[in-house]
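Before anything else, here is the set of structures, which you'll find just below.
Okay, so chain A shows up in both of these, paired with chain B first and chain C after.
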Partner chain A sequence: MKIRILAITCLAVLLCGTVWASEPIKIGLLSDLSGATSSVGRPYADGIKACAEYLNEEGGINGRPIVLDQVDYAYNVQQALAAYKRMKSQGIVALQGWGTGDTEALVKFVAKDEMPTFSASYSAHLTDPNTAPYNFFCAADYSTQARAALKFVRENWKEERAPKLALIYPDAPYGLAPLAAAEAYARELGFEIVGKEIVDLKAMEATTQLLRLQKVAPDYAWVGGTTPSTAVVLKDAQKLKMNVIFITNIWGSDENIFDLAGTAANGHISIQAAKVYGQPCEGMVVIEKLTKGVPQMTHFIRGFVSMLTMAEGLKRAEAAGQLNGPGIKAALESMRDFDPMGLAAPISFYPDDHRPNLAVSLYELRDDKLNFLGEQTLERKKEWLGK
Partner chain B sequence: MEYYLQLVLNGLVVGSIYSLVALGFVIIYKATKVVNFAQGELVMVGAYVCFSLTVQAGIPFLASFMMTLAFSVVLGLAIERLFLRPMIGEPIISVIMVTIGLSTVLKALVQLFWGTQIRVYPQLLPQDPVFVAGLPIAPVYIAAFVLSILLFVVFSLFFKYSRHGLAMRATAFDQQAAASMGIGIKNIFALSWCIATVVSAIGGVILGNINGINSQLGQLGLKVFPAVILGGLDSLLGAAVGGLAIGVLENVCDGAAMQLLDLSGFKDVAAYVFLVLILMIKPYGLFGTKEIERV
Partner chain C sequence: MSGKCGLFYTSYRAEAGLFPSRFQKACMAAFMAVLLICPWFLGSYPVSVLNLICIAVIGAVSLNLLTGVCGQISLGHGAFIGVGAYASAWFAGQGLPFAISLPLGGAVAAVIGMFFGIPSLRLKGIYLAIATLAAQLILEYVFLHWEGVTGGPYGLSVDSPVIFGLTLDTDRSMYYLILFCTVLSVLAAANVMRTRPGRAFVAIRDHHLSAEIVGVNLFAVKLQAFGLSSFMAGIAGGLWGHYTMYITPEPFGIGLSVSYLAMIIIGGLGSVLGSVFGAVFITLLPEGLNMVAGSLAGLFPNVSTYFLAMKEGVFGLILVLFLVFEPEGLARRWRLLKSYWKLYPFAY
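The block that comes next holds the complex of A and B.
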């Protein structure tokens, strides 16, 4: 009799265990599918969803499937806050966010709620756990991106004189975020800064600004806009026959730049933080299978990497029996050189430093393709954290 | 000096696009006294329809363009019949709210049918600049300039000399009096919406050729609003002059602020600063009708 009771108890525990093990893990997904940044927000969200699909096919998080609770907040901060509150009440354990406005608005909430949050806003201050303890992202921050690109071009500068640099940016948080860092590091590297110009994200032309730059003849110009505004700059520079190489920020050029700027895109440099579709690596094989060989934008790949990185944190936390905010945060902060299947540079987070890496991929825009130029990795300097 | 000449020239060509969109605002206001907040979205719809016909259906551009204009006529009629006609006699603020709602509906429909990705027209005009007085201008801007001038002339003649144009002016002046004179107010409203959608579609196609299209194109409506207010809400000449003036102001003020005061970023605020100034002096805009009421 005792043996029977013991057997029944064991079976019950086992069954309960199975039920617990297969209980889904809810992740919130704030996406801009119809708002101001939807042209890049949608592919990024698609990348996250594709990764969740892949992970579930592979057994989910230690046997537990990932369920994404997606909300289109249309790039509206108030909608994002409302959606986050609803998601939280419905039991999400982590959040995949999106833009600068909503990420900034949520920083205090996610810290208070102990909600690990990934986003595609790469402002450097989000990497400092003192001010944003629950914020993470999977690409080098904007400041690091600008520094790395400048270092790359400085190392490849052949002439005796100092290279002349101009900075073109929109007067918006995204455009301004890396400006001071880029300027200071450019001076440190021996660039001569010859001009700073504002080009709005919705600009129809940029002749006024470029005419001024034409007078000071920069060798390089860093462009901190988005793909449409960059296209305007490139086309107007071609019109004015300017001999300058533009270095475009991570949202400043993508696969659309060739359609928008035509031949004016040729020869310029695109800063990226992940592989582009078709570049060989383990993860690309998976992505090509998931997307049936239909090319996706580089933003899709970064969305995929973001979910892959978060999932690694979830796996570690789940294995430790700590699938909660502090547990996931600790798991992420224990990550050292996590390889996102070759799709991006290895990722490490530390309790006092949430910079995923300081590696930046550089591509040359030419012949309708993003052609890999090289990768630049910077030293993890303490004084750069959060700046 | 050449620097400022280039700024003026550039301002004129960009301003001509503002003028084109402003024309749509004015035509509707002139006949119906309604400020159409869906003007930018009408630009967007026209651009997407022409894109669909040219790129997705593979129809030659000129045929696609004509078909887009025909579609715009139908769209204008549909909007007027479905949304605006039931509002006749209602307070003007309600009608304006309808246009705001319409802008959301049109944007949602565009996203439903075409998604949110950036779409690009095939290159119709050469990329190499044309030199005007030794200053480079992209051919597409010259096309925009010529088209907006042409449309301004056509509509000026239409409003001045044609029966329908005169009827539209009469309706705008006093709907009841016009109706008592046998003018079909409903037909006039329909006509004004048709013309406005057609003009907007032309603007959309030009913009699509300049820098591609996406579902944010509708925001141009707000960008153009200072030009409409500056010129005067009910003046065709005002729309043309207002658009050109804002285009030139943006460029010249930005250039001067940078050169003289070392201030950058003036381009995006210049229009609004000037708008406030002009409204303080001439509240009805440069060419708008001054309403005088006997109290």
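The block that comes next holds the complex of A and C.
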């Protein structure tokens, strides 16, 4: 009799354990599906959702399925705050955020609530755990991207004279964030900075600015805008027959640039932090299967990587029995050279340094394709952290 | 006098009372009691929405004083709110207690508002709107480039308010602080409208020449309106900054100014109650649309995709419908509703 009771008790405990183990893990997904950045926000969110689908097919987080609680905040900070509060009250354990405004408005909230947050705002100051202890992202920060691209270009410069560089950017937080870092590093590398011009994110033409730059004849121009504003710059430069190679920031060019700029896009360099659709790697096989071979934008791939990295943190925290804010944070900070299935450069987070890596992929825009040029990895210098 | 049927006044003072009947006083007391106890029954999300509504109420009331009551159109209100947020955060960063840094932030916003209000003596209507738009653009530039004070593109970190040694770092504690400031602001605005300067505001709005003829100093009174409105906007900004604990230039763009204009138009120009209704409506509308989109997503994934794309359009459509069918705003609808029930079941 005693043995039977013991067996029933053990079975009950096991069953309870099974039920507990299959309890879903809620993740908040703050997306811009209808606001100012929805053209890139939507594919990024789709990438996150596709990754969650893939992870669930593979058994979820150690047997527990991922459930995404998606809210469209239309790129409005106030709506993002309210959405975050709602998702938190519904029991999310981590957050996939999106843009600059909402990520920064939430920095202190997520720190106070101990809510690990991934976003697609790559401002360098979010990599410093002293100011943003619960913020993470999966691409090199804007400053690092600019530095690495400049180093790549400098190393491939063949002429004796110093290369001439111009900087084109919007007078907005996103455009200004990497400017000082790019300028300082360019001088350090031996670039001659010949001009700085402001082109608004909503600019319809940039002839005036480009005419001024034409006089100083830069060899390269770094463009820190978004795809539509970059397209304006490229088309006007083509019209003026300028002989300059534009280096476009991570949000400055994607697969849409060919529709917007046409042949004017040819020959310029695009900074990216993940593979583009179709590039061979383990993760691309999964993505191609998930998307049934329908090409997706590079933002989709980055969203996929972001969810994949967060899931790795969740798995480690779950295995340690610490599936909570501090546990996930500690798990992420223990990550060393995590390979996101080859879709991006290996990712490491440290307790005092949340820079995922210091690598950028460079692509040449040509013939309606982003053609891989090479990858540039910088040294993890302490003095660059957060700047 | 449709709202005060059955009351008999024996003095002007009694007639000008904010709550002329006992019933109104009892209703207001009950409403305040509900507001005071509701955070104990509500979760973090509804309380945070209430916080956002209260901040919006202060901002809308302040803009209504300037635009609805005094007739001075402002397209720079979002920036004045930003000035308050940055100034209050800066003073707090210098070690000043919250109780001082918040009104100081409001004072800085008032000074800046009065400065940009100077052209109002010469400019009216659309011209003044463009002048205040210039204020918006100039202030946005300052937020972005005065790095020593504003943190530039990286923004400014703000600590939670500390009052009498108590750190207000939860939604509930912040709610009481914000509610207190909101009640003060609403009462202040309602009282200002009953004072001599308040009547001068209305006189200027209705006909500036007549106002001048009866002895209103146009320049001084207009500046007072800009100063008072900007002060309250600064308080709203200060509360926003201390609530979110991080300020960047992005939220204080032209979109915020337009959003506040929408609040007072939907609520009712020149009405304090209308400002409250407008703030509640505009803050809750996106939440409601999100809820509808969320519930549709479960049933019809494709329908919700189209609905999300239409969301901004729905928002615009509602604004247009209000302008066409209820140009006097929700405040008038409220008055009609009250009259209906007061006279029910008789039509007249």
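Just so it is clear, the second predicted complex is superposed on the first by the 387 of 387 C-alpha atoms of A that agree within 3 Å, B and C clash if a C-alpha of one lies under 4 Å from a C-alpha of the other, contacts with A are read in each partner's own complex, and residues count from 1 in each chain.
Basically, a residue touches a chain if its C-beta (ideal position, glycine included) is under 8 Å from a C-beta of that chain, and two chains touch if they have at least 3 such contacts.
If you're wondering where the values come from, they're calculated on a predicted model, not measured in any experiment.
**Q** Check chain A with both chain B and chain C modelled on it and let me know: fit or clash.
**A** These partners clash in the superposed model.
**Q** Tell me the contact category for A:Arg212 with respect to chain B and chain C: first, second, both or neither.
**A** In the superposition, A:Arg212 contacts chain B only.
**Q** Quick check on the superposed pair: does A:Lys196 touch chain B, chain C, both, or neither? Answer first, second, both or neither.
**A** A:Lys196 sits against chain B, while chain C stays out of touch.
**Q** Mind working out whether A:Lys381 is in touch with chain B, chain C, both or neither, as first, second, both or neither?
**A** Once the two structures are laid over each other on A, A:Lys381 reaches no partner at all.
**Q** Looking at the overlay, what does A:Ala74 touch: chain B (first), chain C (second), both, or neither?
**A** So A:Ala74 only meets chain C here.
**Q** Between chain B and chain C, whom does A:Arg336 touch in the aligned arrangement: first, second, both, or neither?
**A** So A:Arg336 meets neither chain B nor chain C here.
**Q** By the touch definition at the top of the document, which applies to A:Leu33: first (chain B), second (chain C), both, or neither?
**A** A:Leu33 contacts both chain B and chain C.
**Q** Which partner does A:Lys289 reach: the first (chain B), the second (chain C), both, or neither?
**A** A:Lys289: touches no partner chain.
**Q** In the superposed arrangement, which partner chain does A:Ala172 touch: chain B (first), chain C (second), both, or neither?
**A** second
**Q** Determine, for the stretches 6-14, 150-158, 240-248 or 312-320 of chain C, which one clashes with chain B when the structures are superposed.
**A** For chain C, the clashing option is 312-320.
**Q** On chain A, which stretch or stretches are contacted by chain B in one complex as well as by chain C in the other?
**A** Touching chain B in the first complex and chain C in the second, residues 33-34, 171 of chain A appear in both lists.
**Q** Under the stated contact criterion, what part of chain C meets chain A in this complex?
**A** 43-45, 47-49, 52, 141, 144, 152-155, 157-158, 169, 171, 244-246, 248-251, 255, 283, 286-287, 290, 293-294, 297, 308-309, 311-312
**Q** Looking at the complex, which residues from chain A come into contact with chain B?
**A** 33-34, 36, 38-39, 41-42, 171, 196-198, 200, 202, 204-205, 207-209, 211-212, 227-228, 231-232, 235, 238-241, 256, 259-260, 262-264
**Q** Applying the document's contact rule, which stretches of chain B touch chain A when the two form their complex?
**A** It is residues 3, 6-7, 10, 14, 17, 108, 111, 115-118, 120, 123, 127, 129, 136-138, 141, 207, 210-212, 214-216, 219, 223, 251, 254-255, 258-259, 264-265, 267-268 of chain B that touch chain A.
**Q** Where on chain A does chain C make contact in their complex?
**A** Checking each residue of chain A against chain C gives 33-35, 70-72, 74, 76-79, 81-83, 85-86, 88-89, 100-101, 104-109, 112, 123, 125, 131, 171-177.
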